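This report refers to the structure that appears directly beneath it.
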């Protein structure tokens, strides 16, 4: 479920990083003020535990395949949501750096999908209510499976949304959704069972560990709502506003303007678009979308149809040969420079 | 070899590489982190149909691998392992996007294929950036740099501790899982009835270890706060490195260099 | 200097699961003594050692370090006086690099940057681990880890050193180097060990524990000569005291 950089846009990546950074600050403050000092080494060691445990194959009875431990719910049970969030963040960071499992820009997305959602949503709203009254073995199992499934479903949905907003993949929303959700349902069930079984084992053999954890303690007052609201607002603002102006199909705006107010307004909006086109050229950091050509000003209705056709003239057919030639030269130069630097280094 | 074992060896390899002393290794870790992030942002900012404009950016990983003495097989092996899922998503592009975009001779290539190739190129570049960051810097300098760049201390301490014990725990896990496999029927994964006790035992040992470490920390005066020691400040060569790459990245983004070169070449002929 | 007497009076320790690990142990150790604590597995060696710097507080009885009795209020002072080297160095070396680990103690003592550097450097050089200072602990061999963990404790400048199985996990040559190093230390030394040959080499006094009680407390050589006593303690004579296996002399 790790998102790769190749499939996200800087806007989505940046927004998720902003959300994750805020959450990390919040969780860090909570950990600093609330946590007993004995948890400092424990967080580190449990992080290593989950990291290592993720690499073990758990054979699923009946099928030939195997499942793995995600660890989000397990960590939330053992450490409480704040410490667990930081621990998962660190695991994902190491995976991104050492295994390129999840990109550097996408790390914000991944920490959100696999950290925030299990620790701050699935755990407090599903696991805790189910097991708080009396943490019996049955309730632990049900709670773990439900929370794991919920966490993973939400995470998978997060992946779909982030991919959709990035606009790199052509997978239609519904198809992607129908692909991701069922698979992650299965993964969630397996993870929930593994978690449940481990927690039950601990419950039987060394229950004192669990009494010290969040299993029996009341939950901190997590201001989930402000975080969620802030995040959604940020995502909406960034996502819609910027992509609106940058989109090569601004005909939504223009169409409604022509419908309601006529030519002059259309002129004005074309100027706005022209301004942004210039700005984009200069900054050259927003995705390289094309802007409507001036022909749209003369014949609004027809232009809208035409613009839909030529919506993606981002690759200019005319200069394609030049591009290929140049590319070959570039690659050759890159390779040679690499060799030269190696030689220089050795002598 | 167990999956967990090969992963562990892979980490050790990157660790070894990060302890070399080349020009790149000596650059301040903060700068390297910023450059890696800038690189990834620039790469992902290209449109989904861009291929040629991305190519000059290969100079970055190639330079790092050459000067930093990082073998390219490392990157290639990793790419092979991580690409399936992403390419699986990417391969839907040619299916759903059939608009012909490019004419090469008499072959017409659809937008979907262009974007698929673009995804592959972007994947290679971004994966390289991540691996090369740790291969030329090392996780501990990265942690210290992150803190200096504003990352909250509990997170940095967590990362540091976790990484420190990762190797220890991985070795322990490998021993336990190997022992399990040698006595289990089909020798592949852990059977259902052992899930709880195998992982549970490992977890209990982990807790015991954490307690001992905590005692050791107390014995040396630990009172809940960890102090991180820093020594280095930015030098001129760090600034030059930063400026050089930033300029290059922005140049690549602003100008499609291969097309330019191609035009000049063909124009001149 | 009189501060560095250890006085253990009739201590009992019962683990949370009910195991009665120490059943009334009493002795006194003077400044500069080297004392070995020997006994079979489960005899209570590590438990006893853990009482010297308050990792465990006795269920009953008292432990005095100098004039201070060990209780929750005196712990931080006690831990500056008594340095504990754990059996498994991996549990003791938890910082990213060896240098960071050795500096951990002095930093926590609130010393100035210069003083921290001085102590760290001295400690590392004393154990011969100065070249290893920038290495992460998982890249060290068993002997190097052992040396680093000793340096980490030395940097606190304790006047009493408590060590749990210091020669475990290391090869013969490193072991010899370690014994020589320990011989050069002037601090009071208490060493829990299975390595009776080392005890013979290093410690003039031995306390023999058996099932949580003291079986014998006296000069090392005298105790190790007494085969029957050692057998009662489920031990053997040190190899160097047993006959030559080839010519049986």
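The first chain written gets the first letter, and so on, giving A, B and C; residue counts start at 1 in each chain.
Note that contacts are C-beta pairs under 8 Å (C-beta built on N, C-alpha and C of every residue); 3 or more make two chains touch, one makes a residue touch a chain.
Worth saying up front: this structure is predicted, and the values here are computed from it rather than measured.
When the C-beta contacts at A-B and at B-C are tallied, the pair with the greater total is A-B.
Nearest to the global CA centroid, when each chain is reduced to the mean of its CA atoms, is chain B.
When chain centres are defined as mean Cα coordinates, C lies farthest from subunit B. If you average the CA atoms of subunit A and of subunit C, the two centres end up 51 Å from each other.
For the pair subunit A and subunit B, the distance between mean C-alpha positions equals 17 Å. Inter-chain spacing, taken between the CA centroids of subunit B and subunit C, is 43 Å.
The set of subunit C residues touching two or more other chains comprises 94.
Multi-chain contact residues, meaning those touching two or more other chains, occur in subunit A at positions 41.
Residues of subunit B in contact with at least two other chains: 160-161, 163-165, 168, 209, 213, 217, 222-223. Across the interface of their complex, subunit C is touched by residues 15, 140, 143, 160-161, 163-165, 167-168, 209, 212-213, 215-223, 227, 229 of subunit B. Every residue of subunit B that touches subunit A in the complex is listed here, in rising order: 3-4, 7, 10-11, 14, 22, 36-37, 40-52, 55-56, 58-59, 62-63, 65-67, 69, 78-79, 81-82, 85-86, 89-90, 92-93, 95-97, 99, 101-104, 111-112, 114-115, 119-120, 122-123, 126-127, 129-131, 133-134, 139, 142, 151-155, 157-166, 168-170, 173, 177, 186, 188-192, 195-197, 199-200, 202-204, 206-207, 209-211, 213-214, 217, 222-224, 226, 250, 253-254, 256-263, 265-266. Subunit C makes touch with subunit B in their complex at residues 50, 53, 55, 75-76, 79-80, 83-84, 86, 88, 90-92, 94-97, 100, 103-105, 107-109, 136-139, 152-153, 156.
Taken together, the subunit A residues at the contact with subunit B in this complex read 2, 4-10, 13-14, 24-25, 27-29, 31-32, 37-38, 40-49, 51-53, 55-61, 66, 69, 86-87, 89-91, 93-94, 96-101, 103-105, 163, 167-172, 175-176, 193-194, 197-198, 200-202, 205-206, 209, 284-289, 312, 314-315, 317, 319-327, 329-331, 334-335, 337-342, 345.
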